Amino acid sequence: MLEATFQKRVRYAEIDKMGFVYYGHYAQLYEIGRAELIRSLGLPYKTLEDKYSIMMPVLQLECRYRLPAKYDDLLSIRTILKEMPTKMIHFYHEIYNEKDQLLNTGSVKLFFVNMQTNKRVSCPAILAERIESYF
Amino acid sequence: MLEATFQKRVRYAEIDKMGFVYYGHYAQLYEIGRAELIRSLGLPYKTLEDKYSIMMPVLQLECRYRLPAKYDDLLSIRTILKEMPTKMIHFYHEIYNEKDQLLNTGSVKLFFVNMQTNKRVSCPAILAERIESYF
Amino acid sequence: MLEATFQKRVRYAEIDKMGFVYYGHYAQLYEIGRAELIRSLGLPYKTLEDKYSIMMPVLQLECRYRLPAKYDDLLSIRTILKEMPTKMIHFYHEIYNEKDQLLNTGSVKLFFVNMQTNKRVSCPAILAERIESYF
Amino acid sequence: MLEATFQKRVRYAEIDKMGFVYYGHYAQLYEIGRAELIRSLGLPYKTLEDKYSIMMPVLQLECRYRLPAKYDDLLSIRTILKEMPTKMIHFYHEIYNEKDQLLNTGSVKLFFVNMQTNKRVSCPAILAERIESYF
């Protein structure tokens, strides 16, 4: 299992009419979570795109809203990889506030596309190798 | 069954680095879809909040991404209510482009909160009555 | 003088903690305004990019906030071109609510880039010709 | 003069069709800048709202785009207060990338509203006192 936690403060722009973080905004928190998990492997997602021509479109998103996130909360985005990626990579996310309350859980499945051929491929070795040592 | 379709054009702001609509943006399309379905009943969501003190926080979101939506696409957001709301209301969504390709499907579960007591309540009669005639 | 008006409903996602449309969201309203003005000339901005390889980056933005826009307001985005574009094109915007109250005024200056050479160019003839008849 | 610098990484969601940070997104960067400058005074904006019932709506926004910000750039948002606030507070902003290139400059004027009376007021003493020592 591989995991990473990243902190992100809630901004005014992210709040909706109810006074809480807009439900559609969690996808951006998950994006931050998986980008920082991949960065922690020493291989930023930007490098995957720029150097290895691999992009990772999203296939599926699930979110469960437990408690609202509020303005100026310093959120902890916990991102977990429970299995080795194959044709897909599946990230799990947990969002906590400063009181360590679990506000939201979610998961995102992505696949891999070779940007030169525009064809779907398996998880590239360059990424799989770095993940492998955690399993 | 009750359904409504609403059209929405894709804007520059909604496109991400891949050149497609950002995966987190679909939640906003679903919001438009359910707001317009409720409006079609003659009871705008704004009236539910302002006059009846009922708000509808989101409990769960699911999205499946089939084909990318592109800049300037005129999307059709089809929103379907398959069952009478009870303690929850469950909207299904289908997003099509102008070529009638199904790009995305999703569903959103919301619950009802009395804004004065801040307590969870069942679907208010004012809304349930209007939906009932479709089932 | 050339002008166009387009209507856009305010969505939950666009409201901030004060209960009004977030100040940073007006740039998106201006984008809608200028895209629809250009579309009204029979030359969608998408065609400018896709067929003529011209893109229009923004150089300068100015907004003045007079009255707040609220949830579910049906805004009228009025977009005005006061002068023929040269090396730049300068759009003026006025945002009204349904009571015809002027909520916001702004202006956006953009320039023209040839996407093949990545060089700055003057307003392409294909666009200038269509604007000329209004002056 | 009072200033503060805060770092913010560019995310996928913030990029538009040109591959650069969307022009409307800079208002959010400025929001982060001024919130962090105020926080550095030991008085978070959230406290101003929650404890002192003061909110700060935006009156005017200006942005100048010099160079594009790109995906994964670690931006430095420099925020400067050049004058003591009176009836208004005027923040200046400079956005730099990691190569220390100046990408964008802007300014935001805000005013002060007593949230209980909903009336416009001068800069509250609690904030003015903390700023004063820098001038």
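Details
Order as written gives the chain letters A, B, C and D; numbering starts at 1 within each chain.
As a working rule, a residue touches a chain if its C-beta (ideal position, glycine included) is under 8 Å from a C-beta of that chain, and two chains touch if they have at least 3 such contacts.
Quick caveat: nothing in here was measured; it's all calculated off a predicted structure.
Two chain pairs, B-C and A-C, are compared here, and B-C has more C-beta pairs in contact (counted per touch definition above). The chain with its Cα centroid farthest from the Cα centroid of subunit D is B.
Centroids of subunit C and subunit D (each the mean of its C-alpha atoms) stand 24 Å apart. The mean-CA centres of subunit A and subunit C are about 33 angstrom from one another, to the nearest whole unit. Put simply, the C-alpha centre of subunit B and that of subunit C have 27 angstrom between them. The multi-chain contact residues of subunit D, meaning those touching 2 or more other chains, are 12-13, 17, 22, 24, 27-28, 31, 71. By the touch criterion given at the top, residues 11-13, 27-28, 31-32, 35, 44-46, 71-72 of subunit B touch subunit C in their complex.
Subunit A meets subunit C in the complex at residues 12-13, 15-17, 19, 22, 24, 71.
Within the complex, the subunit C residues that touch subunit D are 18, 20, 22-28, 31, 49, 55, 57-65, 68.
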